[in-house]
Structures are given as structure tokens and as C-alpha cells.
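Across the two complexes that follow, subunit A remains constant while its partner is subunit B and subsequently subunit C.
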Partner chain A sequence: MDLQIALLLGQDGVTNGAVYALLALALVLVFAVTRVIFIPQGEFVAFGALTLASLQAGKLPGTLWLLLGMGIAVALIEIAISVRDRHLQRIPSIALLNVGVPLVLAGALFVVSPATLPLPVQVVLSLMMVVPLGPMIYRLAFQPIAEASVLVLLIVSVAVHVTLIGLGLFFFGAEGSRTPAFTDMSFEIGDALLQGQTVLVVVASVVLIGALFFFFERTIYGKALRATAMNRTGARLMGISATVAGKLSFTLAALIGAFSGVLISPITTVYYDSGFLIGLKGFVGAIIGGLASYPVAAAGAILVGLLESYSSFWASAFKEVIVFTLIIPVLLWRSLNTRHVEEE
Partner chain B sequence: MKSSAFSLLPLLAFVAAFAGGPLVLPEFYVTLLNYIGLYAIVALGLVLLTGVGGLTSFGQAAFVGLGAYTTAYLTTVHGVSPWLTLPAGFLVTAAVALSLGFITLRLSGHFLPLGTIAWGISLYYLFGNVSFLGGHTGITSIPALDFFGIELKSGREFYYLIWAALLVIVLATRNLLDSREGRAIRALKGGTLMAEAMGVDTPRSKIVIFTVAALYACLSGWLYAHLQRFVNPTPFSLTQGIEYLFMVVIGGVAHVWGAILGAGLITILKQWLQDWLPQVLGQSGNFEIVVFGLLMIFVLHRARDGLWPIILRMLPEHTDRPRVPEAEALPRRPVPAANAVLLDVKDATKRFGGLVANNKMNFNVRAGEVMALIGPNGAGKSTLFNGISGVDSLTSGEVTFCGERIEALAARHIARRGMSRTFQHVRLLPTMSVLENVAIGAHLRGRKNFIHAALRIERDEEARLLHEAALQIEHCGLREHMYDIASSLPLGKQRIVEIARALATDPCLLLLDEPAAGLRYREKRALADLLRRLRGEGMGILLVEHDMDFVMGLADRVVVMEFGEKLAEGLPAEVQSNPAVLDAYLGGVE
Partner chain C sequence: MKIKAVIAALFAAATGSASVAYADINVGVTLSATGPAASLGIPEKNTFPLMPTTIGGQKINYIVLDDASDTTTAVKNTKKLIAENKVDVIIGSTITPNSLAMVDVAAEAETPMIAMAASARIVDPMDAKRHWVFKTPQNDAQMAIAIVEHMTSNNVKTVAYIGFSDAYGEGWWNEFQKIAEARKLNIVANERFNRADTSVTGQVLKILSAKPDAVLVGGAGTPAALPQKSLKEKGYKGIMYQTHGVANADFLRVCGKDCEGTVLPAGPVLVAAQLPDSNPVKKAALEYVTKYETANGKGSVSTFGAHAWDAGKLLANAVPEALKKAQPGSKEFRKALRDALEGTKNLTGAHGVFNMSPQDHLGFDQRARVMVKIEGGNWKYVQ
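This part shows the complex of A and B:
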């Protein structure tokens, strides 16, 4: 391996690592706020990428039907609850929010041809279709059992994951997609070629992380989420609804996931089930941070990206083996550094 | 507890179905039943791990793969007899499970499942990429099993082997759960705090069930390899590992029969959906996972214990109760000399960050006395209890128990030395009977391990443990509740069950955290009588209590705490007239 290849691999590693870092942050956030180990995080990545690819191909993305279906399910449950509690005045807003908005979105996409839209508009449309799935999944799968044990929540999380994989196959089909590069720019630094796409991914990740930091430090909703993460009961006594906190954290997770999907869609071919492995690599990063520390999780995720990139050069067949076996020494190290933990 | 006649019913049905099946069924159903049997063996391991122990694994399919690949490789490449590759597979699996367990089980509960996901993926890719294991094409022409000269070539012949193996596993699992080790395993689900305080080595119990579950999976893999006669990586993927967990959750995660029910349901449903869904949807693909996923979410929302308990409820009630077997009493610890200092606490200090919960506490407890620790709420009494009993560590200070320094020891090692305790917030296992709960206290007085339990050759010891538990229950006046489910008792009585459990450890020092809270007048008197009798037998008792009539009528000496410090110490009458104490309790008069 000469320096040039090393730099090229390093670039690849950092690019992927930046995406894993975003996912790791989302995983730590969701776990801290809701205690859900969010296995389906990767599905948002795949759905984000595939939705953008569908739009660019001028097709109606399957996500739209998924969103409409889930919206109807949420609306039916909420309306049933409203009828039971005699809050009939809430029904129009429930229906409008969960079913009306997806219908308007569908109508808009029927009228304009999405392939002709400029890239930023396509990206925003993709996010609008994928991100609401986050809070809807929370409403349908997790909110009714929000007080269950971590173990039960984890099993539900895995159940949601397989459901979404199956739905992904149905709505997107078995073929993979790849979008054209966002930019053809490249920079020469010495001998090495720095690709514009890499710069874009890293910059976008840093901007998103910065925005999250601002959100948590400076906004009332961000502070409410942090409070819930620190002490759920205490936060509830202060009037922070666990349901709102849960939905908000799932919205952010979906946003981060879908955005990551948009970022990687020109770099790699994404299939309906690609998200799982991508999400799990974020998990390895998150576990390096003990599912608690944001900076260590992000650094761990970059490490995973680099390890993956270099191992794909040295032993490409064993790339996944090496990346997922990394978790063993990490867990050993954490295990030796952790005093007895009582899980309650 | 279920009566023996009642619990034999499913067993008999099982044996009848088992024997008659292949004689009458067409080939397709025999194959289906073979798979159900193979899956049920794996699922039983998950019942032990998830339903009973409160841990979980998504990597069971990888352990199945270890069993299958070990035999495939050894029989085809090295010509080893299949009967030798089974123990070889067990060795490989146990080595992996032990190391994985050692690494993850010390961490909080969710790291084990995450570890198993990662390890499940790793192993799948490893199987698929290692050339001597045949890569993605796998290994073919694995020899058939030879059973005393009979070659098990067809599925019909193999059927008997699979279901006999399943039967053995079912019996061994049931035996294991109904034993001293089984109670220790069941105690894991209620958090490790109580189990440790009763002397259970919880990391060991966790590693044991994780390894046993892995060995079940390995056995299933070995059978699978010789049934199919070829292996490739696909059946050992993470997806299959997830499906095993689905089987037990839907069938009934805490029930041995739930595993078999779940394995049957999922296997049949999958078969049917795989035929039906692609026709309806007009696409081919594994769409059944959508149905399984939604079914799982629904079951976990609405019937978290799975289907088996629902079926149980529809069966007729059973009334006859098990009897506590007559048995020789367990040996007792020698009674310490009267007035000997049992517990000596010196400068015990506990800080939580900046908060000093206990500051330089000094006192001792002698054999044959009741020492009461009183003080307003938040004075640090329970924290001190935790520090003394090893549930939590002190920041500094010395604790000497029976002449031995114990402040650095873990709770289970302190329990072994003869100190036992109750908890302010009752920690009983809600679904177990009073008798079983109290028998957990006798854990340290038995020696037989889980292998003895699985083979049921520890019945003498088990009888003595149960006998001891029954004895303590009677001492505490709960005879009529012996077989009741612990959670059905009123809270006050649950506190008494905690005392009985502590007594079953045969302690010389008893730490009681608010034992009289929630008791009625008569019950309080009975409790005071019990404690007087124990004191008369030479036991030392350290008591935290708020009921002053109860304390002052019973205690020999009293220590008063306020804001983590000792405010006063002395005879009950002295303490009652101490102005500082009156000030703390009644507020200053200005």
C-alpha cells in the first residue's frame, strides 16, 4: 500500500465514518431518552436514499404509500381514543396531520414531475416523506409500552426492524439504486485527490452535528430532551411529557437517518435492506461510547469507518467480520472498566 | 407450583404425538415436524435465557451454525464419527459462549443482545468466506447418522432422534428450573441485588444459562447437519436468530411448553405465508417477516407472556398442592458467644458526589441484642444498611463482622459469613410462591449444581432446603400462605416473607429495614415476639424502624441518626429523654 492508496482509503473511511457518526449520535439520543435500542435506525438511511433515487428517476417513491398507510393507522388509533374520551374536536386535526399531509404530498408529486425539480427540493421532499415515519413508529410500536423493560423494548425494536425490511422490499423492490454525484468537484492536495463528495459528506455531517448541539444547548425542546434523558420521572414532574420527548427523539433519529441516506446515496448502491448493516456499524460506534457519550460515540464511529475501509483493502471478504468483531474487544474493555451495574 | 398429575398432561400428549406421528403422517408433515423439533430445541434455550433469566440473545442461530459446521467439517474432511463430533461441537460452542458471556455479562443487560447481534453477523460472514468451510456453497455429503447399525437416512427415521432429543431437553430444563440453581436463575429477573444479598453468584448464574442455551442450539445444529446432510451459511444468519426469539415470545417466553408451541406456530405459519403471500402480492420475497414483525409487536403490547399462559387459563383449575417433603434439618451455624461483638462499624462514610449520606458512623451490634437505628427520613439509615451488607460500597471506613473485615467484600460473600438482610422496598419474586421465595434464602446451604439438578439427583438436598424454608415460614407465622403466590400477599406480610427468607440463610446477624411498616397491631406484636425469640437464641439484630412504640419496646440499645451522622446512642429511655433527639424529631422550640 503506498501513501496515495492509504490516503484514498482514509478518505473513504472518514466519509463512511462521518455517516456512522451521525447514526451513532441518533442511537445514543434515542436510547438516552426512551431506553429503546433502536435497531431500525438503518432503515431510515435506506428509505432516505431510495426515496431520493425514486424521485430522481421520476417515479413516485414507495415511501409515500408507507407514510400514508402508517398515517392512517395512527389516525385510526388516535380517533378511536378521541371518541372514547369524548374529545371529538380533536378528530379533524388528527386526520389532517396524519392522513391529509401525506395525501397533499402525494397529490403534489402527481402534478409536478419530481425528476425535473432541483436537487435541494428533491432532498427536502425525500426528508418530508421519510422523517414523519419516525414519530409514527414511536406512536404505533413504542408509546403503548413506553414503561416496559429495556429487554422488551429491544425485542419490539427488532420486530419493527424486520417489519420495515419486509415493507421496504415490497415498496422499493429488490433492485438497488444509486443517485448521481452531488458534485463533480475535486481538489488536489499534493499527490492526493480529495473528492468533492467526501468534503460534502463531512461538511454536512459536521453542520448537522453543530445544529444538534445548538438544539440541545439552546432550545427549550432540546433541553427538555436532555432532562428526560437524565431523569425521566423528574422531567415528567416538571411537565415534560414522556410521549412528546419520545416522538421528538424518534423524529430527530429519522431526520438524521434519512439525511445520512441522502448523503451516501451517490457513494454506494443502496438496497432495501442495506440500512441494517450501516445502522449496526453506527451501533458499534455507539457502543464504544457506552451508549451514553456523544463525542466518544462519534469518534468510535469514525474509527469503524476507517477500520472498514482499510480492511476492505487488506481482506475484503472479511470486511464485515473484522468490523463486527471489533465490538468484542470494545465490550471487553468496557467490561473491565465498569463496576458492577444493577439494571433496573 | 403445578401438581404432578396436571403437569404430566402435556407431557403425555407430547409422548403420544411423538410416537405415533411418523407412522401415519405424509412425508411433508414429517419434514415439518422435524423442523419444529429442531427449532424447539433452540427455543427452549431461549426460554431459559430470556423468559426465566431475563437476558436475551439474537445470536442463537450462530450457535446452531457452530454445531452444524463443526460436525460437517470434522466428518467430511477428517472422517470423524458423528457421535464424536457432537461433544466436539459442545466444546467449541461452550468456549465461545463462555468467552462471550464473560465479556458481556458483567455489563448492563442490553450489551449481551447487542454483542450477540454483532457476533451473529460476524460468524455468518465467516462461514460464507472461509474456503475450508466451503464458502457460500457450504459443505456437502455429510454422512448419515448410524444408530446401533441402523442408518438414519430418511426424515421419518430421523424424526425419532430429533423428538427424543427434544424430550430429554424438555425434562432437563424442567428439572433445572425446579431446583436450587433454578431458583437462583429465576431470581435474576428481579434484578441482581436481592439474589446477591442471598448469596447467589449472579454472574455465574448468567453465564451458566447463556452457555446452556448455546449448547441446546449446538445440539440442534448437529442434528440439522445430519438430517440435511449438507450445510451452508443461510440458516445460521441473524434473521434466523431473530426468528428463534420470535418463536419463544409468541409461544410464551417463560414456559417450557411455550417454546414448542411457538416453534410449531411460527414454522407452520411461515410455511403457509410463504405459499400464500407472494400470490396475493404478486411479488416474490420474504414478506412473511412483515406478518411476524407485526404479530410480535401485537403480542408484546397485548399479551407479553405469549400464548401458552392464555391456553393454560382455558384449562381446568388444578387445586391439589405439593407437599413439603419431610427431611432431615440442615446443619446450623454455631451460635456466637453471648454478648460477643458481631458487627463493629468504624467511621463508616458514604458520599454520593458532593452529598455525604453517612459521615463517620460508629457503633456495634452484639450477639443476643436488638440494636435499633432510628432517625428522620433521609437520615441515611438505608444507605448505611447497604454499605454494611455489601449491596453498595462505603466511601471509607471499616466494617468488622465476626472478627473479619468485610467492607471490601461483595454482598454474596458477606451473606456467606452469616449476615442476612431484608429490603425496605420489598424484593420478592412476584410470580413465585412464598415457599420458593423463602427457599432462595437457603441457597448458600446447598451445594448441588445445575448438572445435578438437570439429572434430578439432588432431591435429598432439595427436600432439606424446602423443609428449612417451610420451617422458617412457620416460625414467622405464615404457614397458611406457604403456597400462595408472593405478590398476592398484602405488603406487610410480604415484609415478613422477607424476614423468613433472611432467616433461611441461617444468619447470626439480621439486618431488618423497616420490618413493621404496613403491619397491623396484632401482626406487629407477633413480629416483636418473633424477634425476641431470635434474640433469645443468640442472634444479633440491627433494626431500622419508624414505629417508636415498636422500637422502644423491643430494642436493647438505640442509635439515632440525623443528616448522616450519629446524634445519640444509648438505652431506649436515655435516647428518649435526650434533648438533641427530641429536637431532631419534634423540631426546635424557640
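This part shows the complex of A and C:
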């Protein structure tokens, strides 16, 4: 292995690691606020990428129907609750938000042919279709059992994952897709060729992480999320709604996932079930951070990316084994170093 | 009283229809329409509605189940088909691990089985269990020989291999390594990657540093495009080989211009229209292509569905023979059907010409493969 190969592998590792880092942050966020180990995180990656690919192929993505279906389900439940509690004035806003907006989106896609739109507009449209699925999933699957134990939440999380994988196969078919690169630029650094797209992935990840930092430190909603993560009961006594916090964290997780999908789809072929493995590697990163620390989780995810890249060079047949075995010493070290606190 | 009467009527109807079903021939199918092998299983599933509904005057019922590319489910489906549906023959499954696991079940119930999976191990070595098992796809070894021949005639001295880290990639590696060594090809790198990998940079760099004249990618479907795209991106100039596992339109769509000039062996059905009229397979292959595309749209055909079609062809040929000896639904009929399948001679399917024997339950010769090159985003038949 000479220096050039080492540099190329490092670059590859950091690029993948940046995406894993984003997912690790989303996992930590969701777990801290709602105690859900969010296994379907990876599905948002696949849905984001494949929705964009469908738009570019000039097809109406299946996620649109999913959005409409889930929107109607959420609206029906919320309206039933409003009627029961005699809050009839809420009904129009519920219907508008959950059914009206997806309908407008669907109408817009029927009128203009999505393949002819410029790339940034396609990206925004894909995000608009995938991101609302986050809070809707929270409303349908997790809000009714928000007070259940971590294990029950995990089981529901697995169920949501399996459901979304099945829907993914139904919507997008078994074959993968790739989207064209955002930029064809490339730079020479020494002997190594640096692709513009990989730089873009790293830069976009850093910007998104910076934005999240700003959100948590400087905005009232971010602070509310942090408060909920620290002490749910205390936060509720201070007037922070656990439901709003949960929905907000799922929205962010969906946004991060779908955005990661859009970022990686020009680098690799994405399949309906690709998201799971990507999410799992983010999860290894999150575990390194103890599902609590954002910076350690991000660093852990970068480490996973680098380890994966170098082990694919040395022993490609054992790459996954090496990456997932990493979790054992980390768990050992964490369990020896931290005092175990019984769950409430 | 009324409810009892209804139940009695229902019961009578149920047993009545069951006794009718006994006179029909029941064909049990388990295939991988979902899960990792879905891109192979879906065209197979679409092929069954195109098959004949009567053979030799007998009605044929196709009972198609999905095994989700999962071995346990495939075995469960097979048991269910045998015990509940009383099938006379099993077709399936799509992939090798599933088919191997089903061999025991089919042999125990003395039910003939026709696999649509590629590995030679399904029918070889012949023993008391495989006595009941047949298969329609070409053996990997046949395809590997074709690749190695193409390599040696194109002055390839050193070659690198990168394959799936599963049964498919390992199987190809074993066949390819054996044949390549016999023909004095020097294998300079042997790498693995996962179907779901997002990057193969490490493997590709290692291959590049070994400077091979040619690279063989042992993968199936669109995931096989990833190493090839990475190699092109890093400036590899040698000849690229793929296996017949990539022979569908989605591979061309995903790989795009990076796959220009790639060479692969495939069943003749892939380039049916380009075959010379003298080719015995051309007519049968075109028949399938036309039927499939009429039902599923132009350009939708893939070679995988044709394996299911050939299984149907084998049945259509064997059933009239078996009907002479016994009635469907009986043990004697299943045995007669097995004997008739083994006696298949000069039957032209979409993938080649079947000549079965007690030792060879595939029965293909070199007419079952052609070399194909990707040119201008299309499959091009190479003489």
C-alpha cells in the first residue's frame, strides 16, 4: 500500500463516514428524546434517494401515495379525537396539513413533468414527499405507546422497518437506481483525484451538523428538545409537550435520512433495502457515542467509515465482520467505564 | 337448522371442488418474488400466467407461492404444497440455497422437482435424492468455460476476480479458478463485496495495483455494476467480464456508458432476435420473448423468466407421457412424470436444447450459451 492508495482509501472512508455520522446523529437524537431505537432510519435514506431517482425518470414516486395514505390515516385519527373532545375548530387545520398539502403536491406533480425540472427543485420535491413521513410515523406508530418500555418501542420500531422495506419493494421494484452527480468537478491533490461529489457529501454533512448545533443551542425548539432528552417529566412540567418533541425529533430524523439519501445516490446504486445496512453502520457510530453524545457518535461513525474502507482493501471478504465486531470492544469498554443506571 | 344446512352445503361444495381438483394436475411453484433475489423471481412469477393451462387434455393448476429469498420459507412452502395442495410436481426455487434445501423434502415425498437456480450442485453428484430433481438454468461451469475461452483467445494473461461475498460469488470463484488454472491463466487478485455495499474503492484499488489484463465481476443484477463503475472511474483500461447473472435491462440502465464493451456469457434468449436463423434455439426463444413482452410491455423480458418458461416446456413435454401410465394425484403419476422428465430428448427451450439422462438432469450442451457484448447500451451477439 503506497501513499496514494492510503489517501484514496482515507477519502472514501471519510465520505462514507460523513453519511454514517449524519445517521448516527439522527439515531442519538430520536433515542434521547423518545427512547425509540429508530431502526427505520435507513429507510429514509433509501426513500429519499429512490424518490429523487423516480422523479428524474419522469415517474410519480410511490412515496407520494404513501404520504397521501398516511396523511389521511393521521387526519382521520386526529379528527376523531377533535370530535370527541369537541374541539371542532381544529378540524380544518388538521385536514389541510395532513391531506391538503400532499394533495397539492400530487396535483403539482401531475401538472408539470418532474423530469424536466432543475435538479435543486427535484431535490426539494423529494424531501417534501419523504420528510413528512417522519412525524406521521411517529403519530401512527409511536405516539400511542410513548410511555411504553424501551423494549416495546424497539419491537414496534422493527415492525415499522419491515413494513417500510416491503412498501419500498412495492414502490420502487427490486432493482436499484442511481441519480446523476450534482457536480462533475474534480480536483487533483498530489496524485489523488478528488471527485467533486465526494467533497460535496463531506461539506453538506458538515453544514448540516453545524445547522443542527445551531438549532440545539440557539433556538427555543432545539432547547425544548434538549430539555426533553435530559428529563422528560421535568420538561413536561415546564410546559414542553412530549408529543411535539417526539414529532419534531422524527421530522429531523427523516430530514437527515432523506438528505443523506439524496447525497449518496450519485455515488452508489441505491436499492429499496440499501438503507438498512447504512443505518446499521450509523447505529454502530451511535453506540460508540453511548446513544447519548453527539460529538462522540459522529466521530465513531467516521471511524466506522475509515475502518470499512481500509478493511475492504486488506480483507474484502471480512469487511462487514470487522466493522460490526468493532461494537464488542466498544460495548465492553463502555460497560466497564460507566455506572449502570436502572431505567425508571 | 339453517346454519347447519349452510355448513353442510359449504362442506359439500368444498369436498366437491376438491375431488374435481384431484383430477387436475397441480403444479406447485415456490419462487423468490421478494427479498434479495426479487429481480430474478419477479420475471419468473410473471412467466407462469403465460404457460399452458391444459396439457394432454388435462387442466393444469399453477399454485405460486413466494419464499422471500429465504431458505426456511422455501422449505415450508414445499411442505405445504405437497401436504395441502397434493401437487404432482414442484417448480422452484429461484436461488441455489433455497433449491438445495428443497431437494430433501421433494425426494422424501417422491415428488419430482424442477429448480430454476443455477448451481450444478442441485443435480450433481447424482444420488438417490437428486434422482427426483431437475433444473433448467445453465451450470456455472458451462458459463465459466465460455469466459475463459474468450479470455485466452483475446490474449488475456493475468486476470482479477471480484465477486459477491455469498454463495453466488463463491460458486463462481470455485468454477472460474479451476478452469482458469487449467488454461494457464494467472489470477492476480481475488476480492469480495456485498450486494448492499455503497463503495468498493478498497477492492478496486487492490485490483488496480495488481495490473490485470482483464477483470471478472462475479455478481448478479444491478449490484454487479458498482465494481465496474468504480474501476472505470479510477481509469481501468482492460477488458471487463460479467456473468450471466447481470443479463437484464436494469443492469444496462444502472451501469450506463461505463459498461460499454463488457463481455459476458448468457442464455441465447437474451439476444434471441440477433441469432442466426440456423440456430435451433432461435424460434423457441423468440416465442417466449414475444409472449412475455406482449403481456408485460416492450423491453421487459429477462433471461431469468425464461428458466421458468423452460420448466413449463419440460412439463408440457413430459406430462402426456406420464398420463399414459397413471392418473394425476397418485404416487404412480409422480413417478411416471419423473421418468418422463428424465427421458426428455431434443426438447428445444428458450435457453437451449434439453437432452436428459439418468446422470444428467439438466441436459444442456454448448447450444445453451452465447457470448454477448454490451454495445451502445444494448446486448450484442458475438459470433
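As a working rule, the second predicted complex is superposed on the first by the 343 of 344 C-alpha atoms of A that agree within 3 Å, B and C clash if a C-alpha of one lies under 4 Å from a C-alpha of the other, contacts with A are read in each partner's own complex, and residues count from 1 in each chain.
Note that a contact is a pair of C-beta atoms (placed from the backbone, for glycine too) under 8 Å apart; a residue touches a chain by one contact, two chains touch by 3 or more.
Note that the structure is predicted; figures quoted are calculated from it, not measured.
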So in the superposed three-chain picture, is A:169 touching just subunit B, just subunit C, both, or none of them (first/second/both/neither)?
both
Thinking of the overlay built on chain A, is A:152 touched by subunit B (first), by subunit C (second), by both, or by neither?
first
For A:200, using the defined touch cut-off, is the partner it touches subunit B, subunit C, both, or neither? Pick first, second, both or neither.
neither
Taking the superposition on A as described, I'd like to know which of subunit B and subunit C A:317 touches: first, second, both or neither.
both
Quick one: classify A:5 as touching subunit B (first), subunit C (second), both or neither.
second
I'd like to know which partner A:334 touches here: subunit B for first, subunit C for second, both or neither.
first
Which holds for A:287: it touches subunit B only (first), subunit C only (second), both, or neither?
first
Could you look at A:117 and tell me whether it touches subunit B, subunit C, both or neither (first, second, both, neither)?
neither
Residues of subunit A touched by subunit B versus by subunit C: which partner has the larger set?
B
Can A:16 be said to touch subunit B (first), subunit C (second), both, or neither?
second
Which subunit A residues come up in both lists, the one for subunit B and the one for subunit C?
166, 169, 173-174, 277, 317, 320
Residue numbers on subunit A that touch subunit B, as the complex places them
37, 39, 140-141, 144-145, 148-152, 154-156, 158-167, 169-170, 173-174, 277, 280, 283-284, 287, 291, 317-318, 320-321, 324-325, 327-328, 331-332, 334-335, 338, 340-344
Please output the residues of subunit C touching subunit A within their complex, sorted ascending.
34, 36, 38-39, 42, 162, 165, 191-194, 196-203, 205-206, 209, 221-223, 225-226, 233, 248, 250, 253-254
Would you pull the subunit A residues touching subunit C in the complex into a rising list?
5, 8-9, 12, 15-16, 19, 166, 169, 173-178, 195, 264, 267-269, 271, 273-274, 276-278, 308-314, 316-317, 319-320
Subunit A partner, complex, touching residues on subunit B are 50, 54-56, 58, 100, 103-104, 106-111, 113-115, 117-119, 121-122, 125-126, 129, 191-193, 239, 242, 245-246, 249, 281, 283, 285-290, 292-294, 296-297, 300-301, 304, 410
